[in-house]
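My structure is below; once you've seen it, I'll send some questions.
Should a chain be cited, it is by its letter among A, B and C, assigned in written order, with residues numbered from 1 in that chain.
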Amino acid sequence: MKIGIPRALQYFFYEDLWLNFFKNIGIETIVSPTTNKEIVKKGVANSIDEACFSSKIFIGHVEYLLDKCDMIFVPRIENSAVREEYCTRIFGLYDLVRNTFPDAKILNAEVNYLYRKRESNAFVKIGEALGKTKEESLEAYQNASSTAESIKAAKILKQEELLKGDGIKILIFSHAYNTYDACIGKEITDYFNKNDIKIAYADLVDEKEAQALTKEAYGKRVYWKVSAQLIGGIEKYRDSVDGIVLISTFPCGPDSIFNELLIRMIKDKPILSLVIDELDASAGIQTRLESFTDIIMARRLSQRTPSKHVRNRR
Amino acid sequence: MKKAYLGIDIGSISTKGIVIDENNNTLADSYLWTLGNPIQAVKNVLNEIAGKMDGSYTVVNIGTTGSARKLIGTVLGAQVVKNEITAHAVGTLSVVPDVKTILEIGGQDSKIILINQGVVMDYAMNTLCAAGTGSFLTSQAKRLDLDLDDFASLALTSENPAKIAARCTVFAESDLVHKAQIGHSKADIVAGLCRAIVMNYLNNVGKGKQIKSPVVFQGGVSKNSAVVKEFEKELQMPVHVDPNGHLMGALGVAVLCKASKEETSFDFSITDIDFVTKGIECTHCPNNCEIICVYKNGTLLDAWGNRCEQGAQK
Amino acid sequence: MSVTGKLACAPQIGDYHIIADMLIERCLNYKTMRCPPMTKRTLEIGARHSPDMICTPFKTTLGNFIEAAEQGANVFIMPGVGCRLGFYDILQKQILDDLGYECEMIALFEYIPTVKRLYTSLSAINPDLTKEDFDTVFATIARITLDMDKLADFIRRNRAFEINKGEYEKYYRAYLDEVTSAENAAAAESIGAAYKEKIESVAINKPNNPIRIGMIGEIAAVVEPFMNCYMEKWLSNHGVEIIRVGDLSTMAVAIFTVDEQVKNSGGYVDYNIGSTANDAIANAYKMAQSGIDGIIHIKPSSCSPEITAMSILQNISRDHDVPFMYMTYDTETSEAGVHTRLEAFIDMITMKRGLQI
């Protein structure tokens, strides 16, 4: 028995939890490779043209896995708590995959806190489908869950250290499945790394803290989990960075609202907004990254040697 | 006197006319540029057809199709005014009775028509902008200083087509410039454009459609042999291009004319009559509907274009 | 007694602004105004100040608000719930602020649209609003919503065949004018009943088996004629019986009955796929089985749940051999283009029936 896991969308939220769970119950997994042109092409060919690029990539990964495993893991996750929903593209994934590849064998379990279908129950169900007892699955889940949490906590700590240090720093506001995808965010993070610009990620933030910060900023709770977390990250880290980079895929529902709000609300930091789709227009991205870097460098210089004019105004 | 039927297809770029007999045999045809003046173009087409007609036939019924179908239908007093999707299907069926799929890429639009046992079962048109249609190809050829024939033959020499993003005209143009700047050969760029048009068509218009053989390809772009070759490669089936493919819309309405029992007597001397159209902007509400008025020798023949009831009719 | 200086405006989504106006006038004592009827300018203004990637109703309703603000409106109404719609209020408020309009944005709900939550929201603004008064107002507008949707549904199925053109429309408009003065649900109900009788007795000449077309999709695009390029009117003028799903009363129920819709989807979906897309699927499946001639799926540009639905509708179309027409509306949609496609769709269906076009 080999379980295929598409390296796209939800995977980037749950990588450590999922991989450790399957390892703990002793089930072999195959994760599709980092996104490449072939996967993009397959995804685009099998998706509705108007669908978001990230979900097209997901479909491409599923197709890649079709003949390489016994079952493909596409859990149907609506939320991670009441009022912490994923976007509709994500919670519609299971039905989307089923209708796109009617013959695919899907390993599924539902997580929906509105119906008291908890994450732990879902993993018990998954374990059941793979011939594991409730106890085995629960233990595997709990261990995987705490491993995932400590990995994330360590990442947050490391990021906070980095932000205390010197150097030019930027903050990336982007869904994890875009930031860390080889065909979406990688070109952008590579550029900053090459130019010695330190990168912080808005999603590396404690979830509860992020929720509270977001509610404070917008006067109401944001029921889209990922957006709420990212906005909290912006609120928490924005004062420690030189600029903010927004990365979206076309067309993204949540980002269409919140990117615009951020651009309108944050006036004291340069913001670069990049929208990526299957058009592969990397020339435009390079140009924008270069000019954005010029702007944050210039601001740094002007802050270090404040002009006379500014001093007088004080 | 033997009966004949006249069909006219007035598109944004070209105007086509055809006269057929009771058995769908072509008696005369004409194909001229519209040049932004549909009425004059139709007059020219009619003059050319009149010169080619055998005196033993008389036109008893007229049909119009294409984007100026309503205007020209009014001017000529046509019995049949049909949209170009239906007209193309009917015309093609009269020539290739077993056709299953019609691909069409015209000046502004592209469409796909699926046919089963002589009946249109499904169709779709482009939902995105004009990228990937004929006018786009023409403008890019001009930019590269090529005429359309050289364009196709140059494209056929390429072994390594450049990847070009052709979903949106603006993107495609900037991408094209970029590819040229970084040193791709002209042949590879041109081949890349032909390929992009095919991929764009299949991913947008052709998405989710089962393309079955026999496939007929029509519209201005079908004259480009490199695009035809790309279609065959991608679909892995032969793609037929009828040398008279451009006449299918006109032929379709002519066939429909024959079926409509209404008869009239048509006189080619209509080309001597003075027709004037006037666009008036209705000022009754901010819709500013453009109302089109058609005058025949100075008297109003018809007017249309109102969105609402309270608007000025004339 | 109206609160001085407050002039409230609900966006144009079909005729439903009358419901919102009654709610605001009676529960908050604000004056209301109807936003200037949607025109090309509304779309242009809305699109100019909106983010590109956003779904079309954001642009049209923002256009409504800006045009209303130009005429003095200073309170705007949004549901504050459901998919991206739930965040329209925050972003539109920010945009209106940036444009320099001093205004208040009322979000009627938060997260789940319950009647209780509606009372909480309104009584937070008007502490004098008693539960009893609210209940009376709510019962009235609920009655009106149900009645107007029922009347409109009947008309839609028969308008193509009325003998004296325009009679249905005349009665329906008269009903809307009259019912807004109803003091309570009982009064609204008797007005509704009177018009039902008038509307049902309009003379029609309906053939035995007219072409029947289903309309499904996202509510704003389905309900607002300006957004769908007066599609219903066009279809009626071409002799088509229209069966439309997606009015406010069915949608209000649909939100709470997703499980039901999943069950009635013929196995095509197992779960909620977002917003009211499940209702579209369940109804498409039902229509497909009823032997409908064709189905038109309508959505605004970039509507994610309906984009998911399309992948499923394509399978229903293929399995049940029902032609579908997919229409995406944006502020750039050309009416002539839409009508050409509709014409071809009806031709196709006519030919399929073996009839002369």
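Simple rule for what comes next: a residue touches a chain if its C-beta (ideal position, glycine included) is under 8 Å from a C-beta of that chain, and two chains touch if they have at least 3 such contacts.
Model, not experiment: these values are computed from the prediction.
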{"item": "Chain pair, A-B or A-C, that carries the greater number of C-beta contacts", "value": "A-C"}
{"item": "Chain ID, smallest distance between chain and overall C-alpha centroids", "value": "C"}
{"item": "Whole-Å gap between the CA centroids of chain A and chain C", "value": "34"}
{"item": "Approximate Å spacing (C-alpha centroids) for the pair chain A, chain B", "value": "45"}
{"item": "Two or more partner chains touched - positions in chain B", "value": "127, 208"}
{"item": "Interface hub residues of chain A, defined as touching at least two other chains", "value": "48, 50"}
{"item": "Residue list for chain C, restricted to those that touch at least two other chains", "value": "314, 328"}
{"item": "Residues of chain A touching chain B in the complex", "value": "44-45, 48-50, 277-281, 283-284"}
{"item": "Touching residues on chain C, where the partner in the complex is chain B", "value": "36-37, 39-42, 230, 314, 317-318, 323-324, 326, 328, 335-337, 340-341, 343-345, 347-348, 351-352, 356-357"}
{"item": "Complex interface listing, chain A residues touching chain C", "value": "47-48, 50-52, 76, 78, 83, 87-89, 91-92, 94-96, 98-100, 102, 110, 218-223, 248, 250-261, 264-265, 275"}
{"item": "Touching residues (chain side chain B, partner chain A) in the complex", "value": "127-128, 163, 165, 167-168, 171, 174-175, 178, 182, 202-204, 207-208"}
{"item": "In the complex, chain C residues that touch chain A", "value": "50-55, 80, 83-84, 86-88, 90-91, 94-95, 98, 107, 110-111, 268-275, 277, 301-302, 304-305, 307-308, 310-312, 314-315, 328"}
